[in-house]
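The first chain written gets the first letter, and so on, giving A, B, C and D; residue counts start at 1 in each chain.
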């Protein structure tokens, strides 16, 4: 039985608590939050769970094996650091920390202490994203051309990070999981419309060594909620709409064909032909992602395995976010990613 | 009776011919195309219209008053130049020409010859876009925050221009018409996946002097057709989906409100409130845009008026496209727009 | 504090327990279910709630003030009877009982004992249906012409009632609430495709004294889930799609106009003109219906008021279902409704 | 070269003329209409086609081989009769005539004169309906359970027939083509809301000898346009939405499975299991239906073949419409179909 403490009972915390509570092989020992009124909710729903306004009490409790952190981004590093120092396994809400130095430090510490460090890249654990990974791995899509995602809605404005760190982080974690190549540079643009706020609308382009491109539109100020990803490839293309009840993923047997010989009669157009075939919406496993993720976290603790979304994944995503913020401050000037280079030279 | 000659009977030409044919006060005197097989189609449908494979014959025909040009972009300038030199009024498919120098030359020539020079910014003449302009002009949207457009589908690959010049030009012409401010710089990214081709996927951000941002995603290689524009503003927001049969425009009574005083209990979130009200889909005039446009062209000829989409509008749009291509070649490096500066200093 | 016992923890029971648990002024004292494994779920989620496999124990508990029944339809009457006999207030899942005699008996008993008898016509308590009622009451729709509803999906097959009693009952309860007139006869058709089962697909037409008609398509064997209602009227028309996240209700300014004078040129068509205007999607209160309903139930108990969905509403709905089953057995032969006649003559 | 005369240039006539005009092996010799203003449109668009206000002139013209009739239903019989008597091949807009006696007379006459009699059941010639037929014929759907169609919109009110004869006729012709069994009885309900009009909203149930049911909702007074058909079957189910641009047909790998043994723990539910798999949207041939239909008509004339939608199909559809009108007048009382019995005994 792994005993879990959850820090933060705001928007995401209740989901963590519910899934840890119902997981086999785990129990929620304690929940901490600075706000007494949030803790009252915990107690009303789960009378058996201990609560505290003092997160140190939770972190230092020797009876607790693992800590799940669901607090604002700016606090991730300090809390995860304390927890690792106390020898806890740690699951941190996305993004893992506020910059790559912090993430690297957490990775090193977890490795030294032989503890699991996992980042809550929730979408990686959805049936839809696992299906996309399966399709990419199978090679049936052909050569991948682009990844394009729109993730917009009205709210929830964050005060300590811009909209890329809040929304685009999902797409970056999905890309990190499903794409067989890594970005080498970014260009980002965005704007803040709220006095004292951070960018609430942002556009992020990722460049790759090969002939691929990726783009994310993240927006806290949109009149409608959209969650749509297009994956273009040479043989098949994917539309992934997370708001669809069923048919979240549609695989289109569509593409172009190129003609080699020149046709003088059609000099006005490139010799590009269009191929259109069936569309298949594969059945998707509907298990709640967080349920799969918590099970994975527990297994990694028990088996001493590296998580699918461990520190390295968290680091790659944070590096992109950091570069994007730099580029955005300079109206889209491209910024290179160092990690890709390091991996390539390693 | 204004006698019109149409050059080019490929994708768009047939629409021009049909609308000119049915317009009051005009007649189609001649159609030219390099391809005999296209001219055969003209004759089968319109036995009364003269055809020729020699565009010079059409342009030099003294009985023709106006020339409509629907050929590849790279030929726009030469054809429009010849026609203006022959004293014809000219309507050119979008974009007006391949660079700003060409456009400026055409503008000067039309002015000297006292002839109408109009660019076929078709969307400006749709009921939907006219309704958006009406909403913006009324002030009911409040302060405009952003303009975001997605215009993607499979094909038609152009050989002489990239996807921005082919698709984003529509959004630029709409923005030029409906927005009360002009962009001052752009950042664009994109990629070409077809050997020997131009960028078939592109992302274009426009910056403004004020606190606004605009973005266009144009793509020839998408599995589904999307035509969706979001206009974010302080009081109301618009979703314009051109693929909707009815309800092309939805006006959302949605937005955010800002609280000035600090609430220590809610320290985790900016003091941003969300406002949600009714949604209104105003009735849209369904008249075919090209019909309205041809009528406008004829009226400008008869009344010696400057068209809504005259040389100046064509110039502003081409300048953005030109800057976007430059930025795209440099992975998003921002490029300033000169015209805005000139207008501001003028 | 009203102490509630909930009988049945299958599909709907968990929703009842959750909402009663969170309601102000009430507490869930006990949950009963014949299946130990269902009770284990109660205990795991709500450790403070007592459970029992013996429903009599719950009903006879003097500390319990009100009983909510969420069991198969065939058991509603017996359980509600017992509960009323023990002096409990009773909330019964729809439909109230298996036939009109049973319902009448429950009504009489509740009246004699001065207890609240309420039927769980959930949709009546949704923001959407309350908005429709508001629109109808305001007179802005004009004369109502028809009510048409489609309620289909795959499953959940019931063993003791046909699909009308399971799904169409929702539409009948909505109609009972929003329409200002009562049906006087029905014609129904349907079919059973499962050996030993009841009709799993059914079509029900309702006739009215005036010039209105209503129709419901209910289906347990449909490949997609549909929940769409059209309300046709002379001035405005409503589309109510319960699966829409936002914009559940759309009010169309559409209709026809009739010309009195004859136009000999248009002899081929009736002199019917079409009127098309704006569409408005009013903001809908998103509070969970069951939350409002439980609050209403508690208030009726406290204030000794007659519920909006009391025995009389339950009776009218069951009479229609009963007549529909008769008509369905005779391939659509119309069957008159007695209650309407009685009300009319009363 | 088959020379065609078209009678009626109202709503459908222009489509007939356009497709006959463009068909290979045919030419449009003459168009007749009582309204001079309609004929003016013919001449403006097709200067080479002769026009006349006197349909007899067209029918009696010895140079005309075939006559296409696109006039109000009440005139179909007289015009087709005259044309067949003049030895013309005849294509009649749906429905073929106003009652079964008329249709039988036309069938007999065409047979005696050895002329093609074809009814314009347009949908039979669409790629979507041909794909459905293919799926049914392949047996991959399993046992067919039901056919359910909704065909509603605002207008076009007909003066000489009710909405079933105008809209449901499409569904009946599709069913006649794709289903491997024939209906044996009908029950219909409906209402007229326009003084002096016919039923503008109607519901039609079809019963079959086997365990199938079909239903059509036809409505001229709906705020939105809907064209959706559900086909339920034991192994796969189809959703056919004719308003979808692509993906008109979706084949769901969904259904139910029945358990034979009783599970006492699940006594509340029939032992019905749900099966959910992939969804496939097969590619559909997008050729305009009328183009295929005209080609088929021409081939039947040239090859002396019986059309897919010949007199027999027209007769079956008209018999159902006739019975439906009878049933509707009696509030849904079932009415048997004689032809099915005759075919069965033949």
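We adopt the following convention: a contact is a pair of C-beta atoms (placed from the backbone, for glycine too) under 8 Å apart; a residue touches a chain by one contact, two chains touch by 3 or more.
Computed from a prediction, not measured in an experiment: that's the story for all the values here.
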item	value
Identity of the chain that, by mean CA position, is farthest from chain C	B
A-D or B-D, whichever has more C-beta pairs in contact	A-D
Chain A-chain D separation of Cα centroids, rounded to whole Å	52
Distance from the mean Cα position of chain B to that of chain A, given in whole angstrom	37
Distance from chain D to chain B - Cα centre to Cα centre, in angstrom	42
Shared interface positions of chain D, touching two or more other chains	224, 246, 276
Chain A contact footprint on chain B (complex, rising order)	10, 35, 37, 71-72, 145-146, 148, 150, 152, 154-159, 185, 187, 189-191, 193-197, 201, 203, 205, 207, 211-213, 215, 217, 219, 221-224, 230, 232, 237-239, 250, 252, 254, 256, 258, 265, 268-270, 272, 274, 276, 327, 330-334
Residue ranges of chain A in contact with chain C within the complex	22, 46-48, 224-225, 243, 245-246
Partner chain B, residues of chain C touching it in the complex	246-247, 253, 276-283
